[in-house]
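Taking it in order: structure first as structure tokens, then the write-up.
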Amino acid sequence: MLQAIIVVVGQIIVLLAVSPFIVGLIRKVKARLQLRRGASVFQPYMDIAKLFRKQPVVSSTTSWIFAVSPYILFASTLAAGLLVPVFVSKTPLNFAGNIIALVYLLALGTFFLILAGLDAGSAFGGMGSSREAIVASLTEPAMILSIFAIALTAGSTNLSTIVHKTALLEGIVTDPSPHLMALASLFIVAIAETGRVPVDNPATHLELTMIHEAMVLEYSGRYLALVEWAAGLKLLVFLTLIANVFAPWGIATSVEPAALGVGLATYLVKVSALAVLIGVIESMFAKLRLFRVTDLLGVAFILALLGLVFFYVLRG
Amino acid sequence: MSVLVMALLTCYAAGVVVPACLPSRPTHQNLVAHSLACTAGLLGVALGIAGLIAPEPLTTSLSSTIPYLSFAIRLDPLAAFFLLTISLVGVAASIYALGYATEYYGRASLGALGSLFNGFLLSMTLVVLADNGFFFLIVWELMSLLSYFLVVTEHEKADVRYAGLFYLIMTHVGTAFIMLTFLIFFQEGGSFSFEAFRHPEQPLPEGMRTVAFLMALIGFGTKAGIVPLHVWLPYAHPAAPSHISALMSGVMIKTAIYALVRVYFDFLGGQFPWWWGFVVLLVGTVSALLGVMYALMEHDLKSLLAYHSVENVGIILLGIGSGMIFQTYGLNEFAALGLLAGLYHTINHAMFKALLFLGAGSLLYATHTRNMEEYGGLLRRMPWTGACFLIGAVSIAALPPTNGFVSEWLVFQSLFLSFHIPSILLKLILPLAAAMLALTGVLALACFAKAFGISFLALPRSSHARHAREVSVSMRLGMALLAIICVVLGVAPMVVVPLLDRVVTPFASVSIEGKVLALDGWALAPVNVEFSSLSPPVLALLLVALSMLALGLVVAFGGLVRKRYYKTWGCGINLTRRMEYTATGFVQPIKRVFSTIYQPTVKLETEFLEESRYFAKRRRFEFHIEPVFQKYLYDPLVAFFTAMAERLRVIQAGSLHLYLAYIFVTLVVLLLIAV
Amino acid sequence: MPLFSPHIGSQIVDLGSALLLLTCFAIVAQRRLSACVDLFALQSVFLALTASLVAFLTGIHHIYIAAALTIIIKVVVIPRILKNVIERLNVSRELMMNVNVPTGLLICGALVILAFFITQPIIPLGFLLTRDSLAIALAIVLIGFFTMIARKKAVTQVIGFLVMENGLFLGATAAAYGMPLIVELGVFFDVLVGALIVGIYSHRLQDAFDSVDTSKLTTLRE
Amino acid sequence: MTWSLVLLVSTPVVAGFVSLLVGQRRAIEVLQCVQAGAMLVAAALVAERVVATGGVSAGNFLVSDSLSAWLDLIVGVVGSTGTLFAVGYMGEELDRAHVSLRRYSQFFCLFDLYLAAMLLAINIENIAIMWIAIEGSTLSAALLIGFDRSKAALEAGWKYVILSSVGIALALFGTILIYYSSEHVLGVSSEALRWSQLYQTAERLNPTAIKIAFIFALIGYGTKAGIAPMHTWLPDAHAEAPTPVSAMLSANMLTLAVYAILRFKAVTDRSVGSEFTGKLIIGLALLSLAVSATFFLVQRDYKRLFAYSSIEHIGIALLGFGIGGLGIFAGAWHLMNHALAKSMAFYGAGLVFLRHNHRLLDRVTGLLGRMPVAGIAILVAGVALAGMPPFGLFTSEVLIVAGAYTARPEVAYVFLALLALAFATLLFQVLRMALGAPGEAGTAVGGQCRVFTSTAVGINIVALGMIGLQVPSGLGTLLASIVKMFNLGIEAP
């Protein structure tokens, strides 16, 4: 029992620590690709620390929802993070929920973020929330289908069992194509959910282009810190999901310190690689118009569906 | 237990009689009627639980002089479960009504409202308990009639009358189909008693079983509000007083689900052709999707909730449909899981839908309008209602700590078990249905983010909203009771699952309690733990702990710094209430994305200033979506009948000779035929 | 039956019934209203004769009373009522008809054939004296019914109705040797009251609509 | 106990003539109330006696078996409430000087003679005298319909007289045919006209003659009963007649005509088997259902609306009788419930007419608000006639569908479809009147009239409620013996 608690606390620490780094790394990659030095990779850590100390300015029209939402967002995203195997394949909290629980936990965070966006009563918040609603509602079916396609290979929807089996090369299917499609679909979904470039532009405050930023426009001080951290966390959760479910090699399948160390290292490498990939993609693509995003997400849905069909057709 | 049954029926009967003959002092009538209903409800809860626990079903019966009719009552676990749902919502609604009915002092006779309310609850209880087809039909029609009179309490408004009439006619058409279903069983069994339906001498021929299946689906589907037959629901439910629409949406629809389960699993036995389950699944998916899509476009809070009833009935049918498909292939454990998921969502929906309707009722009570565009900033003015409505909204959007999530998770699991099914087609259809369910879930999330956000947050958009005040204690108590039940059902499913298992076992002939409650009660699992598991209590604890962690981080890093209040950032100009986002604006992207389904028509008129065409004085924006079913299914039907009637008028043309000729021709024709 | 043997008796009764049928055809062919009334009176006379003949042959005496009543009511009282209705309303000719005379006669012929075809199986049953008078009675009823449809004037409709009554009376007496006396009296009383009421109505109609053309009465319709 | 039968038939006759002679209003009112009470008591006594001993006879004429006792009850109860309503209604017309005292007494004389003729027709065992009694009731009804002397009333009266007398003449021919064929078996005597005799000797009668006789009787009395293709006079007559008369027409006259058809059906079933009459009756019943269901939608006049509803319900009752077995019980049950509900509907309509003085449906709204008595009467009647549960019409309709389904499923499907259509269209009109904001004021109704009418409506509602879901024991035995009369051998459940 004690060992489980240690692993959970370790996982919390790792998640909290690595998420700002990932955000920083992506910004650094984008800056480099735009031939500028860009802020240091650890800039997000300093931003969060600074924001915690600053005095938050809260709009007079808001109610208690505005104040509570950041906490719920942070808690739900972290809870989702705990369900995903990070450096050890058998996460202790695996029994608490499977993929659907993870998806709906993230949805809980989005729900309160949308409410917070509406609470301030400004047009920016309203527009952000309404766009977030449509994007979220199109990503979820694709996410559910893609993860289900993967779950079929491992015969279970519990993330730990999937990772454990693929890690031990048991569930590998002779033909990886269903996996590839599911991976592509999940990658598109990850970009949409976390508000990266082709869908949403995290760097700007121009009301026409921002979705996620618009909702959090009114936040300041410690609330903004929590929200930023949660956004980073959400990005990390998705990257971990992609990394560990599709390429779980190197993850610790048992709880000895050595395996844990190796697991942690490979995890960091994989996640950073993915972060770099996202940074590259953000630089390559321009932001899509809002009603072109629906076609992109439609593609993600079809890909996931094809993954499923191929899985059945191949396996017969 | 039969003493409990008698006590329950007499209490409701007293509730019907006493308010009607009290002196016409509204306060007395209101108090007496609703307190009687409340006590009866509590009795019903006790009876429901007793019925669930009781080893074998209780049957009492009163013979009647009319042939084929016997007032027989049977309390088996299925009936007890639905009785429990009805009574729980009944108690909450009657507590709520104590405060809410004050709005009708002087406008409608409280005696009538009170006795009709009790009669409505009594008829629903009897529908669930009835054990004779004829008695079931009588009480079923009585339920529709009494609910009709409740719907038209405010019959001065023309649209309320139209809604009431539309509702009454649709339910009557439904009853005609139900009558035919029972007749198919009656023909085999020779009597109307459900016992004869269950075990007819010789089993029904295959063709008749299919006809019975379709008739029951249409008949009960009309009352449940499945898609093609749902058109009356968004008219009738909002027109009723809110505590009645809570009962209608929350519970009356469930009597149709009860009857469907009774006919399919109890009378038609276990062996279904595969396409039965598929049809129910298809209807469920379509109802869920269209229900939530039309709800998104509604700006009248109560009709938004009514459309959501259509959506949730769809989700329930998804559960039941998947259960039926598994039953076809003999996978009894998964069939039991599907049915259990459907029933669990039934009670959950009853709770949070009733809570939301009561919340909407409080808003209507405070602001005297149902249009969401006129709400705003009500959370600060009505904190209690706001909090309860939020819990309702979170649970209908199926988000983790609440009951909606648990039952939707179970429905997802029953859909995901599809890979055990031999047929390829179903293997693909079920996951697709799961994807559609996910889309429905998240659209519901968007819809209730809109409903809660626009109504309760930011600045009040009208003087009504500005002068709104918190509602009376009894209304808050009613809502709080339901909110607590929602959370309890969400966090502690290990209490509910064993009870549900007792309901499901006789139908799926296998008990899956052990398999669904894994890890000694802490987690739910779809028959095998390996596949997936969910532990609602642990999730709830986790969320609370991590929020504490966040608070700790904040205090650790930032210390206790006081907040500063300032006006919202409005690009330099001070924001007025007209600059806020409206409900129409919120759903505009969704409307554009799904425009093929909505076929929206948008009208925009602008009045320009005389001086220049670049500055508009007034701009009027109007949009409405195509009522597809109404336009292409119901209006042509009504038009056909009126046209036929117009053409047939010529028979009564007034000339005496024509009339004489009719008699002459009939005489000659009959003489020729007969001889 | 001293004078005539049953055989000759039935032939005379059939002759009487045939005469009745003939007057029916005449009424259908008639355009002038007063002539119609006279024909009806003539028909009633024949009817009375046939009835008394049947009474004489079968020895059932109360049919004599019925015959006497027919003469009093249908030959004297009712024609007078109809005559003064015609004078008061000065409507003499039936110009517009629903069905013109030739087709009317054709249809009446068809009705007679129909009546015989229908009563075919019943005839052998009747060992009574007047076997085929039942068929003729049915024919007269149908023709009376048809005249009510074919003619527009209220008076002609009444005559049509009375012709039907004659057919019925023929049926009752000739075919079934007359109903018990009380029944006969009852039937006559009803026919008389019926005629009276129709007379009252035609008067009121005349005052209200200043015409007795029933085809104008079409205000009450859907 | 034979005096109860004599009392039943004679009180209306006596009351009629006395009210004609005596001049003042107060005396007539008292007389009518006494007559109403006497009729009700006598009918109850006769029924109770028939339940006890299976049959009552007074002299060799008046005989009342179970079917007649059932009709006595219907005519008794509805007749008495109708008389009460007539006293209230005509009293109001007298106060408003729409009718002179002489016309007032004439009205009540005709009204009572009409009731007397019907009661005589029910309790007579001789088919010819039954015909005479029915003819008498037709003639008195004809004068009652034309009572108002307006143009429309005259036209309606004229059409009623012609059509009904043609119908009655055809019925007479049917009676003659039966007499003709029974004569060969029983000899030339009044015995050949008695129902009981006819039932015994039915097997030996000539089948074709009986078939033709039944057709004539069906068409003849069908015209009186308002069965489709022969129903055309009914809406005009009911709309134009004074409301108490149209109430009695709707409730009693149609039921009496159905009674006559049933008498003939009993004889024909015994000689030819029930298949022949069943097909005929079911065909005509479905036709009347179809006609009335479609005509509800285009109605502009509420009294015509209730007239068409009478056609529909007579059709339903006949369908019950046509199916036989269970249907007989349901048909008889339907007749009683319909009589009560329909008369109450017309009482409500009468009150509305007194207040608004026009019969336009569209301009009458919000009755519940302004005129509670009329509103409740019309609403309860509308709900009952539409066939909603708490009232007996629902139970009989379900039984008929069940009976039809076992015998001929396609009849059940057509029947249910037409019922649903009729339900929708009737309720659409009735609820438009009952609910909504009260319309124009109109002239208020006098206190005395309100007392009488509300007692009449009250009695009807109590009676409807009592026989809603339960069959009182006395009526149960009556119905059992009626079913036995028609179902040779098939045991009623």
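Just so it is clear, A, B, C and D label the chains in written order, and each chain counts residues from 1 on its own.
Heads up, the rule we're going with is that a residue touches a chain if its C-beta (ideal position, glycine included) is under 8 Å from a C-beta of that chain, and two chains touch if they have at least 3 such contacts.
Computed from a prediction, not measured in an experiment: that's the story for all the values here.
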item: Dominant interface by contact count, named by its two chains; value: A-B
item: Farthest-lying chain, centroid of Cα atoms versus that of chain B; value: C
item: Between chain D and chain C, distance of the C-alpha-averaged centres to the nearest whole Å; value: 31
item: Distance from the mean Cα position of chain D to that of chain B, given in whole angstrom; value: 44
item: Mean-CA-position distance for chain C and chain A (Å); value: 102
item: Whole-Å gap between the CA centroids of chain B and chain C; value: 71
item: Residues of chain B engaged with two or more neighbouring chains; value: 649, 651-652, 656, 660, 663, 667, 671, 675
item: Multi-partner residues of chain D (at least 2 other chains); value: 158-159, 162, 166, 170, 208, 212, 235, 295, 298
item: Junction residues of chain A, two or more chains touched; value: none
item: Chain pairs that touch, as defined at the top of this document; value: A-B, B-C, B-D, C-D
item: Complex contact set, residues of chain A against chain B; value: 12, 49, 52-65, 70-72, 74-76, 78-79, 82, 93, 95-101, 103-105, 107-108, 110-111, 114-115, 118-127, 129-131, 133-134, 136-138, 140-145, 148, 151-152, 155-158, 161, 217-218, 221-222, 225-226, 290-291, 294, 301, 304-305, 308-309, 312
item: Residue numbers on chain C that touch chain D, as the complex places them; value: 60, 118-119, 121-122, 125-127, 134, 137-138, 141, 145, 148, 154, 157, 161, 164-165, 167-168, 171-172, 175-177, 179-180, 182-183, 186-187, 189-190, 193-194, 197-198, 201, 204-205, 208-209, 214, 217, 219-220, 222
item: Partner chain C, residues of chain B touching it in the complex; value: 649-657, 660-661, 663-664, 667-668, 671-672, 675
item: Chain B partner contacts - residues on chain C that touch it in the complex; value: 98, 114, 117-118, 121, 142, 145-146, 148-149, 152, 157, 214-215, 217-222
item: Interface residues, chain B side, partner chain D - complex; value: 64-69, 134, 137-139, 141-142, 145, 152, 155-156, 158, 161, 164-165, 168-169, 172-173, 176, 179-180, 183, 186-187, 192, 641-642, 644-646, 648-649, 651-652, 656, 658-660, 662-663, 665-667, 670-671, 674-675
